[in-house]
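Here it is: the structure, laid out below.
Should a chain be cited, it is by its letter among A, B, C, D, E, F, G and H, assigned in written order, with residues numbered from 1 in that chain.
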């Protein structure tokens, strides 16, 4: 469904080359540019604007927008759409993300590429609907039952939000897996200028080149990555059986077989964790001589930039490390940096989530600059923990 | 609703004093003995037998059983029932647990006592419905969006399943919080003899002793634990406003207030984490001279017992530590033990979940004996990692 | 009910006797939580009117406030329980009826009333809605149908008429809407009424009848959303809203008359209107009664 | 359809021509995945029959297998797509219709068929069910109503008749059941039929008509669960199941006749029966058509 | 003393009940510890059924079988599927009318025939259990008897006890 | 150079639009970096509205305000609520017809009156923005003009430009 | 007599539009919310209470004394 | 002529019960599933195909040849 002409159409629908837009719009633009042609959603503050933009632009370029009856349905429609051949996405926030957990597990189990943007708001429960947070970052990895390996990205400005949305689609297709784009309400509703890129590098779904009989929908990949099978989209004669039950390579239920289950789940996990280093996207600042380093991500890293500047001004040998990839967790980077510095300060808008992952892998002291209640850290609040 | 006579009724409904029953039945018996008088459920293998036993026995003693339209509804009905004055529970397995996550968050936010038994099956997704696993133990703490502190218990035999069910109800009432009883399908469908206790120590809900005007439903407790407010059940004139929005002490929405949110959520978390040591229930074996220790929980600890015996026979200085409390995570115990031994081996029926918590807090080497696919570890498989 | 459409003198007197017994200030003092007014609803929003009518209906039957629980999901309309000084459970989006089921079954003596919006009730909450109706559980559901998702800023609802605009239907809605009352009836609710608020006495009476009905009562109130809906659909002022209701609704009795007697082409147009009035009122055992009978049968 | 109740000679011939074209072995070879037979359904379970009838209906309209997707949720009946050699999506419990919505909207050329059970469809899946019907999305839903949760061992379903037994209704069910077809019609499905399997030709024909209908088709098939339902409700053999259906169903035409002409007391009894037959067949634009029109209107 | 015991056959033969009766006999009606595990998949309808019991006078840790020290088999399919980890010196009882291809030493008990003989094919599992317990010396006979009495509907008590004892007799003949 | 700017007033006055126009002027129509943040709660209907803009010629890290160096205010309630962290030497512009109780030095711009004067109360925010930009020297005037043109429906372009320039003039008078 | 609680009135004009006797009209002055609350037009009101019933903001009270 | 696939037949007897001509009866012997699959009673079948349609297990085939 996607090609050069299509990209042109998307750019035409998007309009001006330079725009002053908020994060939600940037997600929608990124999606259109990446080739997303299906959005199944359900409104929720502060993610609704993504749906609204998609509802406006998708029909203009022949894509499909549908507002489903609830979030259970919206993620389901996206999985269905992906198997029917579209690059597909949904967007939600905490309460909707919680509702989607069962079907997110299905997406992992069925190895369905899709993108889910979670514009995080202050939880738990209904919480503070309009205010920002980073309280769902562990839920990405542990929100659904059983074992799976998540991919999650976290941008910290609006241009990067657009760029990482495109990247999310590319990773989803490359690894045949759901990818989570985690931003907070602050970023979702914050405006900056973005440049709509002229050229967009997209990763196109690897379709099987063998006959339906030879096609292995849930085993070793032949033409792409070894642990990622090709994707035989519906309507092309592959007659794939897709199930959330434990299945063998052909897709058939193997609900009594220890080995089939072990093979299946380990491959699904390893296709992602084997590439941990390749998937890791990190921003580093002033680490050369740093004695202490602030680790942060997303909107909080903007405050960390302030803290870095201020701290350095005061003569602290501070460094800054930002995780653009939250999952798979870049444990190797943490280990490495923790061997160089005396102390790590993890700043995040929750009561300590990624902090636990850092603490697990760091060899040095790890402090937490946590904050909840809808406001971002001031640089001072981070410096207080240094 | 509960008293001596009622306990007698429960015992009468249960029947014989010594019974050879499986874990699911033990959960139902424990619940009845603890005073549970409402069950809202939805069938799912391998937890359905809990519902079936409750459907049989509850009406006999005037309690209420309802099969709801789905798991979203069953946990909702349980929360409603709790506010209406009953000790209430539900039971489910992975897919249902995932569906319940939004309302579990509501239960945390509204500080609603309830018990949820998760009879874990092999996931992710539909997976292997009849086979056991321990794949949902991180989901307990991270399955819903935002920050909260979970309590979760994990028994390893049928008598203990009954006992810890009673304890779950007591903790739920004491801390005004949802409590998760985590067993695996293996235990749910395994039979052993249990003795129905003659006397049962139950913790009764602390109701406010002040006037409705003075009553603080979401702040400092007056008569019980300081961070746990009394529970003004519906129909008694307290006119409580219960909401999943961020609220002040009186229960009124405070969706724009950083401080109210911070106070509320930190109190809710601390009411549990402050009591971490008190809540920690651990079984220790042969630790005195141990150089290596196997840490496990639930059904896996039965295999660990086998490994302990075998290992000691072979001359290994092995120890055994079993977590009956999974959450709040007994980090102090891990830290302490890790200072005494050279190596910890975590055995669990997943690809490493509690392992990460142990690794975070241990000071020594930590190895993982993971297993998935529906079979329990053989003692040999654990010993292989020693 | 058609006779109540005109303002005849005798009726005025009757109405006065009924409604004049308690005035707005007294209502506020007796029924509302302190310090919550003015409420958060927009200028001219019908939700405030729904609140007033509900309280007056409660007053008429002298409802025991200490024995009453209001519940709701999420949405503008779902903020109502926060204003009423009774036990109240403001739950998650769409789930109020499931929470209510637990409340009512556990303590059948409680009066249980739910406020819900169109999205909350039959969008995300559709399953609980039809099942509560099927069970004929003894609760009263007051559904504020404003044809839109108000709280979140005007997205399309499952009740939004085809062709109308919404932030997620910027080119016009392509989906046919639900008739919520119709669904309630099919699913098994025993008292069902629908009114728009241009006729305030009738809805008040229906709420009262709903509260008295021993079973699932469903009262759908068509209520103007003066912000999210009106802005997008060029309904400029309240007059235009009235015309809107005039265009799109018809008294049930008239409707049925037209169905029988109007010529085909006319009927095709009329057909699309929503019937208003008391649409169903039936006696049937409630879930609570059936459960209690069973308990009596098997108890030890 | 009543005329098809008797086995007249001409009809036999006709039937032979229709059904004899492909026999069970050929069906298996053409439509079923290799190596999956014998299937997992219990002895005498109607689900196998449903499969056979569906395949024969597909054969009659010469369905393009490479352009067909079967979906299902979870349950015994939901295992069916695993047997048919087409693209298939065996989803989560209750959600098949939402998955199907994504499939069909994305590629309107695909034939989309859903197998579902009573619990899957209107228990946990009720919300997706009514919304798919409201949208009149062009899919065909074949619902196997066995009045019970079969797969999980016989718990009460929202279709279980009042008073019947189930593992979670060990003292007899206290809840009134849903009429799924009725709900489908209220919600907006355009083709609705219900049959029990004692009349195999009619359901086959209805499946065919459903596949041909451009909109949401709902075919409810009353199917014996010889294990979970029968065991608990003392339906000893297939003969007793037939009596069961005889007792509890009536052809729609007869039903309507009785409604008009039978004496009150008799009617009270008859009333409780389920109508079988083609209950609705209406022309209405499908969601896909409406969406496509909108795209044509706004595309750049 | 720890006894790792497997009972298997096909669905519908009452294998689960046998395991239950044996476990209960050991733990409720005698002072052993006992664990019973059963396995069934969604695909298990009518297929091979298996129930495992561990009996011990000590605490039972690992509750799987190290190997099957005792095994009773009531169908060929079950034998084929579950004989893998049979101990070399295992006590193996089987209905030699139904299980005909066997690679291990065994004691044949025509339990189905015996059951038919006493008038109810359905108690074949109890016949077998009686023989199995006798041959394996698993639990005291009267504990088993009590357990049977406690586990079957009262009107079938006598029939089942008869079946049990016929099994015992048969075993005595054979060993 | 980093400018921390707050615009506030009540819902419906076009505060968000002003922030948007300013941020766009700085970043799209000039080569500054700009971040705009806005806050609204579910309760904010008709209450105080706030939009914050940070402008800088360097990368903008922290995107909250350190303190408000520049503030424009269009209602008393907003002044009361948001004057807390106003810098001592801040440039404070306000509609002194609407905001009458003020504790800081300020420049009064009767923007509502001016807007009414040019025929449309609704452009008061743009009047104010013109004055604010002039007084604060936030972005080059023609960038702001372009941004206004780009942000309003074409039929209201002239009106808005007029409003903008009337604001500029007023500010020039005052400073 | 009509009593208006100016603090609550949001100026929706529903009362004015609804009054079957045109007994209400918008006030000249704005209230603190910036809207024109209703004021009574003398001698027209028949105490039908419709305005009170319909007011979404509990801002209007019809006092009956005068009728007695 | 009726052909029965013994491997598939689960012995539900539906075909036997359904046949309007009593043209089927249970076989004497058990199949490997332990049930009695149907066998044809000679000269009764009229090839109405009902048994084939109703068989849940794809186990029965009505062959038409003889009719021709």
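Just so it is clear, a residue touches a chain if its C-beta (ideal position, glycine included) is under 8 Å from a C-beta of that chain, and two chains touch if they have at least 3 such contacts.
Because the structure is a prediction, the values reported are computed rather than measured.
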{"item": "Number of steps on the shortest touching-chain route linking chain A and chain F", "value": "1"}
{"item": "B-C or D-H - the one linked by more C-beta pairs in contact", "value": "B-C"}
{"item": "Inter-centroid spacing, chain F versus chain C (mean Cα positions, whole Å)", "value": "43"}
{"item": "Distance between chain centroids, defined by C-alpha means - chain F, chain H (Å)", "value": "87"}
{"item": "Distance between the centres, which are taken as Cα means, of chain G and chain A, whole angstrom", "value": "55"}
{"item": "Of all residues in chain D, the ones touching two or more other chains", "value": "42-43, 92, 124, 126-127, 131, 151, 158, 171, 291, 294, 298"}
{"item": "For chain E, residues that touch 2 or more chains besides their own", "value": "41-44, 46"}
{"item": "Residues of chain C touching chain D in the complex", "value": "122, 124-127, 130-131, 134-136, 158, 171-172, 174-178, 182-183, 185-188, 287, 290-291, 293-294, 297-298"}
{"item": "Contact footprint of chain A on chain F as seen in their complex", "value": "20, 23-24, 27-28, 33-42, 44, 59-64, 66"}
{"item": "Chain H - residues contacting chain D, complex", "value": "5, 7-8, 10-14, 17, 20, 35, 46-50, 52-64"}
{"item": "Partner chain D, residues of chain A touching it in the complex", "value": "9, 12-13, 37-38, 40, 59-62, 64, 66, 68-70, 72-74, 76-86, 88, 102-103, 106, 110, 234-245, 252-253"}
{"item": "Of all residues in chain A, those that touch chain B in their complex", "value": "72, 93-95, 97-99, 101-102, 105-106, 108-110, 120, 122-131, 133, 135-136, 138-139, 141-148, 243-246, 255-262, 265-266, 269, 350-351, 353, 356-357, 359-360, 372-375"}
